[in-house]
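The structures come next, written out as structure tokens.
Next come two complexes built around chain A: one with chain B, the other with chain C.
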Partner chain A sequence: MSIAETAGIVVVGASLAGLRGAEALRRNGYSGRLTVVGDEPYRPYDRPPLSKHVLSGELAPDATGLPELDTLDAQWRLGHAAVALDRAARTIRLANGTGLAYERLLIATGAQARPWPAASGGGLEGIFTLRGRDDAARLRTALAGGPARVLIVGAGLIGCEAASCCRDLGLPVTLVDPNPAPLARSLGTWIGSVVADCLRDAGVTFHAGAQVLRFAGDASGRVVRAHLADGRAVEADLVIVALGATRATDWLKGAGLMADAGGVTCDGACRVLGADGTPCPDIYAAGDVARWPNPLYGGRLMSVEHWGNAVAQAAHSGRNMLAPADDQRTYHHLPAFWSSQFGINIKAVGLSEGADAVAIVQGSRASRRFLAVYGRAGRSIAAVSFDQARWLPAYAEAITAGRAFPPIRDASDQGDYLALAPGFPPPRAASTLIEARHG
Partner chain B sequence: MAEDTLFSEVLDPANRANPYPIYARLRETPVSPQRDGSIVVSGHAAIRSLIFDPRLSSEDLPPSRRPRTGNPLKDWLLNPIKDRIATAHRPLIFRDPPDHDTLRHAVMREFSVARVQALRQRVVRDVDTLIDACRGRDEVCLVEDLSYPLPVSVICDMLGVPEADEPQFQAWATQLATALEPDARHDEASRHRTVAAFDAISGYMRALIRAKRRRPTADMLSALAAPGPDGKAVMGDFDLISTAILLLVAGHETTVNLITNGMLTLLRHPGELERLRADPERAPRVIEELLRYEPPVHFRTRKALGAIEIAGQTIPKGAPVILLFAAANRDPARFDDPDRFDPDREDNQHFGFGGGLHYCMGAPLARIEAEIALVALCRRLVAPRLMADPPPYRPGASLRGPERLGIRISGIAPGQS
Partner chain C sequence: MTAPTRPVPRETAPLRVVVDLNRCQGYAQCCYAAPGAFEVRGHEILFYDPAPPHARRGEIERAVQACPVRAISLQVEIGDAP
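Entry: the complex of A and B
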């Protein structure tokens, strides 16, 4: 089949996965027409610095551009999101009304920040979310204006990184989270409590187990305080809503694909499934938006919202898009993420979800330099390092191989070994509450 | 019979000039148990994995004999054993995290890019002076004329050790470096000489540190002896002494091999010598390839704290593990045409400075010294010819390099400065 002279390949999504996918197509020998569609008016940029160096003012928002392959030779359609997909006509429609034909499609639309609902004060001035470059630029400007108090809703990775930055800027910060500790969902409360100590030492007021019900504004529509479910109020003139993200799949409604707010479902080769469950040979997905059966987890459907997955899955999908039907390779991925906050480099591999035990196998919790492993039913499933990332590959290998928990005893800096309950919140309790309340 | 004695062939001085054929045989089993229970690791992939394995320890003491009280003197009194270096003064190359990390962090803060770059002009001058001194001769003895005095003078300057004192600790430094050689470590008489050398050099360092505290200067020792930003000592006195000794010995015993091996290799590859002479910009490539092809340190020994499965073998708990970096550097599974000296090689992730958490702290300094020395030698020695090939080697199998390198010349060209 020749797709070289015709509509060619269209990549929807001009962020990390879109760019890496386009590059993979070229690297694998595709020389035909290549179009990249993006909803923002910018060439691909890197998001991790947005909640770190951009907020602190060390890096300008427009200095985050990703390096691009010299020979990419793509047509960029930026500034207008894709709003509809017509599989029969093999076209997508953009927000400005124009149509775009494709021979093959790579869906890499990512995710969007979960907004605060307007009914509970979401429209007030001074309330921010943080996902894109413009969000970061607006928030940076507001922080530089010296707010009297910053309130951050949600103590996940973005919320904690923002809290760390705000304290570096000398701003008073209150952080509110429904769980007993920060990062509870990704690391459990036992490890999360180390971050709670960091928050406290840095002077952040942390309300654990608390929920914001609504925001109140002044006469001019500016936010002035938040009302919590326990009756307390927090005075704040700047609010950062950090409640995670939803997959950007709205535009696929009516396209006859298996897609919802949790992602677009693919087969093991990252081919998108039609509503009847059969893979579309001409539509692939990659990055945050892609939900696929990960063989490392017994074929469980998952989508992984991390940088490393965007890069690896895009490369994989790009390769499969050009390969014949009998040479479609299955995508295996061990999830991994990192975060910088309070002067600590946190790095994790595996999925800690469902862990029934956690143990520090190197270093100590007191020194805040350690390596902890998570186990489930006697197997090692995840590991996290605080300023000890150099050892992580050894654990990643053990987790991939499904070794016993803990995979490594006798480390050179092993303290007294003790396996404890990791303390994970009940599955999705927090977000269900929020979604239920606002939905 | 032959297979479990391969590493003893590596140690045999008769093979010092060319250990690479033995390395190739060792690599047939990348993780290779020896008759004495040690494990020799010679494959690139296996070493790469092991240097980031937390079960591999650099401590040469069982936990029961490690310092416990935080006061090394008290440890020694509580736990009197013959080998005082072992308990009280082990330098950080023989230690594990977290202590290792604390010490290394303190040293690396002072081993700054600024401090190393500031030495560049000085190295250029030193090299020119040393080569100038060979004027009028028709042969150069590279080790004594340049490869040895240059790094010694540079490390003394950087640390703040008066160069006039250097002759008195030359012999100590050479003896202390034998701590890395398996033969010397197993020889009781040599161990006693090492302890004596350590005592002597410790006494010297103790006095020098006292002097630096009274009158601090701009050098590294003054900085390490001064209180840190929080007002506390960056390291205890015992650690300070052992760290100073480590840096001094490393400055004496490693870069000398890089420069001498480098010139030897260039003289064996006259085309490359000519290219470097014509284009000094090639120096970084040449140095990286030298670090792969003829590294100054051939192996380091660790110990497995637990059983480690790797490359189809199980390294048993407690086994000494010899990381044969120089063999991994020529692993055909990792490098194309590995026995070819090719500075144009693009993919060159060698273990010339070791790897992992004990990666050479002095790497940037060694690179600068070797670049400047080799470029100057290529440009200034007129028609250099090797007088003996192979040259006589120093005894060390780990810190491996020529004892002497006689080069016949037809003159000395003028210097740059």
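Entry: the complex of A and C
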């Protein structure tokens, strides 16, 4: 037996997808050597509470350890990121210089917060991003110190959740976003304007259609103000940069794989593609980092940066890794996310991108309790609920089946529905790729 | 007096709980089974303790069983250092 054959399976990434992938390998009967590599020195933990109850101080940053649902019997290599992959030698290299051989590899390295560029003030003290447990701990400590004003850049899910927490803590908050409404990229401006009303009622100063150009600091290098593109300035001594995430694929440069900041490209079975487009039979991917042709959307390449995808795709990849070449199952996934902010439970299914119509089919915008469906070319493609979660599964089913828009016509408690323009901002760059993201 | 450094015995390590909030429909049965560990806020936001004390194991197990949509996962035996 060669070294590679005894090296077993290596899972790179020790967060939700890495953990659920490792569990799937054991559940499907793999009894060989199993190694999990993580850049942080922690066993897998849950991230969604970080931007909510950890910031508010209700949960300690180290309280969100994920349950291990199967006996893993794994070697944990934590605290040193994977920095290089050598496919010919079947080894990966870690940041501390050690090498690790693999027989098969599961890539689950996730994503990293997009930082503010150093050239326009990103290095100043008092500027935070929020992705990991250490980020949350540092930010929580800073918030507990009672800043005079918190400035949040980016009104996506993380930015809005952070704004909600900061107001619960009684802190003055300014939120800046280039779009006309919060959550505009995921929900459109028409639904996003409901969140804008919540922001206003909670006392958040929201600068819509505004862009931060740069941050200015004091003599000690602490941030004191942001300069906006329209000439305004916002005085703030604590800044949260919430501009979404880029996929953690830097370590795959030079590995001869189809990988970039948008993810690592896989085939329908979640096998990673080599640069020539051929699937690597020994390398799979799952979670935020994986970009695959989703049959639910006509085989369009997408990566889905949500909790439910990490769980489902990792289970799928783990299963396929142990299956013979002629029994590789295709991964179908309907994206879904949840958020809680300003006392409202927001849940969504499907991809609203490209929607040409939206209709509230249950409840009303005025009550802030409703279910809205998004349509594209007469088909239902996505739905969102504000405090109406029990309606959502029926719509998820209809969206998966590609039913007409809106899929359920006679159930409305508001009389006939009215289809309106959802108001999505123009795409950021010419691209046929889809990223379901928190940004 | 300083306590000797030793690993935390398994029976005193906190439990680990995670709820699939895509799946959760806010039926709140967990809140009746394990009040204090699960709580509904507003109309349907579930707040829960992801690391409840081991002493609450019985209640948390009842919450897992009581969930109509099977959204709660629990690990009881924590065999690793944090």
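Note that the second predicted complex is superposed on the first by the 418 of 439 C-alpha atoms of A that agree within 3 Å, B and C clash if a C-alpha of one lies under 4 Å from a C-alpha of the other, contacts with A are read in each partner's own complex, and residues count from 1 in each chain.
Operating definition for what follows: contacts are C-beta pairs under 8 Å (C-beta built on N, C-alpha and C of every residue); 3 or more make two chains touch, one makes a residue touch a chain.
None of the values given here were measured: they were computed from a predicted structure.
A.B. asks: Since both structures carry chain A, what do chain B and chain C do when superposed there: clash or fit?
C.D. replies: Once chain A is superposed (C-alpha atoms), there is room for both chain B and chain C without a clash.
A.B. asks: In the overlaid three-chain picture, which partner chain does A:53 touch, first (chain B) or second (chain C), both, or neither?
C.D. replies: second
A.B. asks: In the overlaid three-chain picture, which partner chain does A:410 touch, first (chain B) or second (chain C), both, or neither?
C.D. replies: In the superposed model, A:410 contacts chain B only, not chain C.
A.B. asks: According to the stated criteria, A:42 is in contact with first (chain B), second (chain C), both, or neither; which is it?
C.D. replies: In the superposition, A:42 touches chain C alone.
A.B. asks: Figure out whether A:311 sits in contact with chain B (first) or chain C (second), or with both, or with neither.
C.D. replies: second
A.B. asks: Between chain B and chain C, which makes contact with more of the residues in chain A?
C.D. replies: C
A.B. asks: Once the shared chain is lined up, is A:369 touching chain B (first), chain C (second), both, or neither of them?
C.D. replies: A:369 contacts both chain B and chain C.
A.B. asks: First (chain B), second (chain C), both or neither: which does A:390 touch?
C.D. replies: both
A.B. asks: In degrees, to the nearest 10, note the angle that opens at the C-alpha centre of chain A toward the centres of chain B and chain C.
C.D. replies: 40
A.B. asks: Just checking: does A:129 make contact with chain B only, chain C only, both, or neither of them? Give me first, second, both or neither.
C.D. replies: After superposing on A, A:129 lies clear of both chain B and chain C.
A.B. asks: Tell me which partner A:320 touches in the superposition: chain B (first), chain C (second), both or neither.
C.D. replies: neither
A.B. asks: Pick out the closest CA atoms of chain B and chain C after fitting on chain A and give their distance in Å.
C.D. replies: Here the least C-alpha separation of chain B and chain C stands at 5 Å.
A.B. asks: Taking the stated contact definition, name every residue in chain A that is touched by chain B in one complex and by chain C in the other, in rising order.
C.D. replies: 369, 390, 393
A.B. asks: For the complex, give me every residue of chain A touching chain B.
C.D. replies: For chain A paired with chain B, touching residues are 361-363, 367, 369, 371, 390-391, 393-394, 397, 408-414.
A.B. asks: Could you pull out which chain C residues touch chain A in their complex?
C.D. replies: Residues 14-18, 20-22, 24-26, 41-45, 47, 49-51, 73-75, 80, 82 of chain C touch chain A in their complex.
A.B. asks: Spell out the residues on chain A that touch chain C in their complex, using ranges where they run on.
C.D. replies: Where chain A meets chain C, its residues are 42-43, 46, 48-49, 53, 58-59, 62-69, 76, 307-308, 311, 336-338, 340, 343-345, 347, 369, 387, 389-390, 393.
A.B. asks: Give the list of chain B residues in touch with chain A in this complex.
C.D. replies: Chain B reaches chain A through residues 49, 52-59, 96-98, 101, 305-306, 317, 356-357.
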